[in-house]
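Working notes, beginning with the structure itself.
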Amino acid sequence: MAFFMTINGKRVEANEGEMVLAVARRAGIPIPTLCHHEAVEPFGSCRLCMVEVTKPAWKGWKGLMTACLYPCAPDLVIETDSERVHQVRRNVLDLLLARCPDADVIQKLASQYGVQQSSFMQREKPDKCILCGLCVRVCETAATSAISTVQRGHGREIGTPWGGPPPDCIGCLACAHVCPTGHIQFEESGSVRKIWGREFELQRCEKTGKPLPITKDQAAFLAKRQTMNPSYLSTSADANRKQTAETLGRIARWNKLGMQQEVK
Amino acid sequence: MDTHLRYDSVEAFRSHVASLFESPEAKKRRVLVCCGTGCMAGGAKQVVEAMHEQLQAIDPAKKAELNLVMKRTGCHGFCEKGPLVVLMPQGLFYKNVKPKDVEAIVQESILGDGVIERLLYVEPSTGKPVHKYGDIEFYAKQTRVAMRNIGLIDPANLDDYLLRGGYAALVKALTTMTPEDVMKEVADSKLRGRGGGGFDAGRKWRSCKSAPGDERFLICNGDEGDPGAFMDRSIMEGDPHGVLEGMILGGFALECKQGYIYVRQEYPLAVENLQRALRDARARGLLGDNILGSGFSFDIEVARGGGAFVCGESSALMRSVEGKVGEPRAKYVHATDKGLWDKPTVLNNVETWVCVPRIIEHGSAWFTAMGTERSKGTKAFALTGRVKNTGLVEVEMGTSLRDIIFGAGGGMLSDGPRGKFKAVQTGGPSGGCLPEDMLDLAVDFDTLTKAGSMMGSGGMIVMDHSTCMVDVARYFLSFLVDESCGKCVPCREGLFQMMHIVSRICEGKGTLEDLDRIEDLATAVELGSLCALGKSGPNPVRSTLRYFRHEYEAHILEKKCPAGVCKALITYGIDHDKCDGCGACLRACASSAISGTIKKGETFQIDLLQCDRCGACETVCKRGAISAS
Amino acid sequence: MPLRLVVQPQYCIGCRACEMACAFTHGNKGQPGKSRCQTLSVAKDEYVPMLCLQCDHAACVQVCPVSAISRNEQTGVVLVDMEKCIQCMACTVACPFGNMHIDTPNHAVVKCDLCAGYGDNPRCAMFCPTKCLSVEQV
């Protein structure tokens, strides 16, 4: 079911069930986000994607809502860069810069809104975690919920069971890849991957013995969860490609010898 | 109370209630001993034991003649004056009763007609002692609707509730009304939620009923997290069946099968009394399958909180009931469409639910005759702070702040310039402070909001000139920082930074630029926060800045705290004219900041570098020689 | 209208024009990107250009834990939604034909998309001098 709404004076088409953020981006209208990722459900924690929302039926009343979670509706009128919106974004970025002064993505975004240096008090030992929750949410969606947010309020942090290395982690690095600031660190050398204080053996190619880009735990997890024969996850792309090329080469030889085969 | 009785029909219920009214039980003289949490903390348990012992010791013939029963009641709402003992039917009201007073009470007022003067309440406005419960201004100036039963019944006794007309509203609905009739009556009463949001209950119920879905839930919000608020506690403890009856009527109207009462972790007595009431109601056939043989089935379960203010927020509460972390979520999709377990849900406050049976019983016109144009009925307030009578006050909506504070409240606690009225904080951490020239504002859902505060759930803290308004702002900010769930940036980081700025001002390290920074940040936090905790968090700071800016400026420009509260800005000194060298202060000082030779008053000094401004010396000094400036 | 890229390795002369065409088409601002086609030598003077087979029941689609890969039934192309991709690299291992590549500098996965979004006109076929790679409509 498609209908029309207005964003920054521009008439755009939207579908039932879509959020304002998706429609705005599709129309080429930029809205900053930090805690948003298409792989997981929207969360609404960073508040950067705030927009002014109104409807004719609201008789001039305007509300500020997060675009990532606000459902599109016919006749919605959205403003993405009003003064109030900028006031919220500027303060959010100022606050995040106080929390994580060394995070590049925050520095860049903050300076776009006129904040070169935070006007607030910094932490004693600042790290780069902005508590967007993406790592936790992606681990829940794509892996094993090995990590979680713990504690309340200003003491909130990303934690693991009893603060130790998370027993359920499969070393897939999804958390590190979705983290907007690069706060989650990992190391890889040889056939060992280290993250969250744990060490993982990388899966080895049955044919060449070389380490694959997934861990053994990750392979076992995927085989089960995505219902795949484990043999799909035991050989490298190079080995697979070589073997397939050899097979296709043989077929080509036969074709050269007159037998017609079509390779799609 | 008969625990084996069960009503399998409305007729059975009616005939039992009629027999109760005729029974000797209904005609007994009652000795009401308040056993609400406040009085229990004051030693009510021991008073009950002493009373029981004394009553047992009465000669059997005299006992039969007196036809007495002792009732352990719920909270009267006058906790500072507890433990309370009220003798009915005469209404003789005794305050601050100790176990050793009980013998005299029995001898003089129960076996005789005497009155024990020293246990009587003295009316502040007249200076005279008052004998009767109903004559005490604190009670006389109230219109108790939601609190009509508490303090007068034993909450553990269903028959007491029935003798007050309990469950008559339910029977009226089951026999003469349809679910739609009940919906309409509640809508016509214009009942608005009493938990702080003030949303029209009828509209909320209507949205839930029209939402698509096969299953619906209703919830009673008993989280009551506002510091100083205890209306809901007293209602849950003292009149649990009132809450149940309201919810069963709600279930009937909404055609839903299951309700939950979410009680905060810190209210164990409320949980206990609610659980007992649920058991008794189920046993009698007033709750559960096929209520009173009507075919309507509805049950209620108690869910306990884990100790988080944020779980009073409706979406966080629902997550908590579901067993998840109590974090709010965006409310663009309403709970009446997708609430508990994503099913249409109605959530209302304890006080809202307990009004429902009254509305059904007396009709919506009775309710709308009270209150103002847009705020109908009555509201319970927890009046605390620097007033003579602290406690629960229920008055018609539209009563002015002045009438509440100086009427039932009995006026300011202390005399002299420091005891004069300075401000009243309403609405808990979501509300603001209003100064003296706002005292004539009507207390209702809308008037206080325009002035920069709000009625909220009913907390009302009265402040005099011994209160520092900057310190008040700092207190509420630190409360919210502690209770914030931490999910969104504006609340988690913004309120934290605001608290730090205000704390620095309290320490004399603030600048005028700080005030501008606070205003800008406050707007961002209000607009940007995910839930009401964050959105209303800046209210205490904003309202104190609006009405008491001079106090902030004194802290900043003069490095002075006019109220003498902010420790960094006050100094303690010894008046050598008054000091007699007793050395009590020296012994009391934990920082060893006081030195002097015993009996030589002129030698006593406070080392201001060591002194941590705890004020212990001022407290122990019998000569009043030590004061802060 | 679904496209079909036809590969007839018996005509491949190993010139790698297909790789260049692919790299420049998918590259950033005219600089070459990672080619989605790789020509392997299987014997002397025998070459096979390897690129995604756009499988009907693709292993990469199956393995992706966030369902970022899907097959467009209209065009027949299997596409990775780069906004959903969490770079776990499972697809690069799961593809039985080794046709999912890792673009190491950008830490992304890349595969042949039949030039969808680049004019739907597979450049490898356009530049192939021997018509080893050709396009037909299904």
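A, B and C are the chain letters, set down in written order, and residue numbers restart from 1 in every chain.
The criterion applied here is as follows: a residue touches a chain if its C-beta (ideal position, glycine included) is under 8 Å from a C-beta of that chain, and two chains touch if they have at least 3 such contacts.
Since the model is a prediction, treat every value here as computed from it, not as a measurement.
Between the interfaces A-C and A-B, more contacting C-beta pairs are found at A-C. Comparing the CA-atom centres of all chains against that of chain B, the greatest distance is found for C. One finds 68 Å separating the Cα centroids of chain B and chain C. Remark: chain A and chain C have CA centroids separated by 24 Å (rounded to whole angstrom).
Taking the mean of the C-alpha atoms as each chain's centre, chain A and chain B sit 45 Å apart.
Chain contacts: chain C has no residue touching two or more partner chains.
On chain A, the positions that touch chain C within their shared complex are 37-40, 138, 141-143, 172-174, 177-178, 203, 212-214, 218-219, 222, 225-228, 232-233, 235-242, 244-246, 248-253, 255-256, 262-264. Those residues of chain A whose C-beta lies close enough to touch chain B in the complex are 43-47, 50, 64-66, 69-71, 84, 87-88, 90-92, 95-96, 98-99, 119-121, 130-131, 133, 149, 151-156. Looking at the complex, you find that chain B touches chain A at residues 308, 310, 325, 329-330, 332-333, 481-490, 492-494, 496-497, 500, 517, 520-521, 523-525, 527-530. Residue ranges on chain C touching chain A, taken from their complex, read 4, 6-10, 12, 38, 40, 42-43, 46-48, 50, 53-54, 59, 62-66, 68, 81, 83-90, 92-102, 107.
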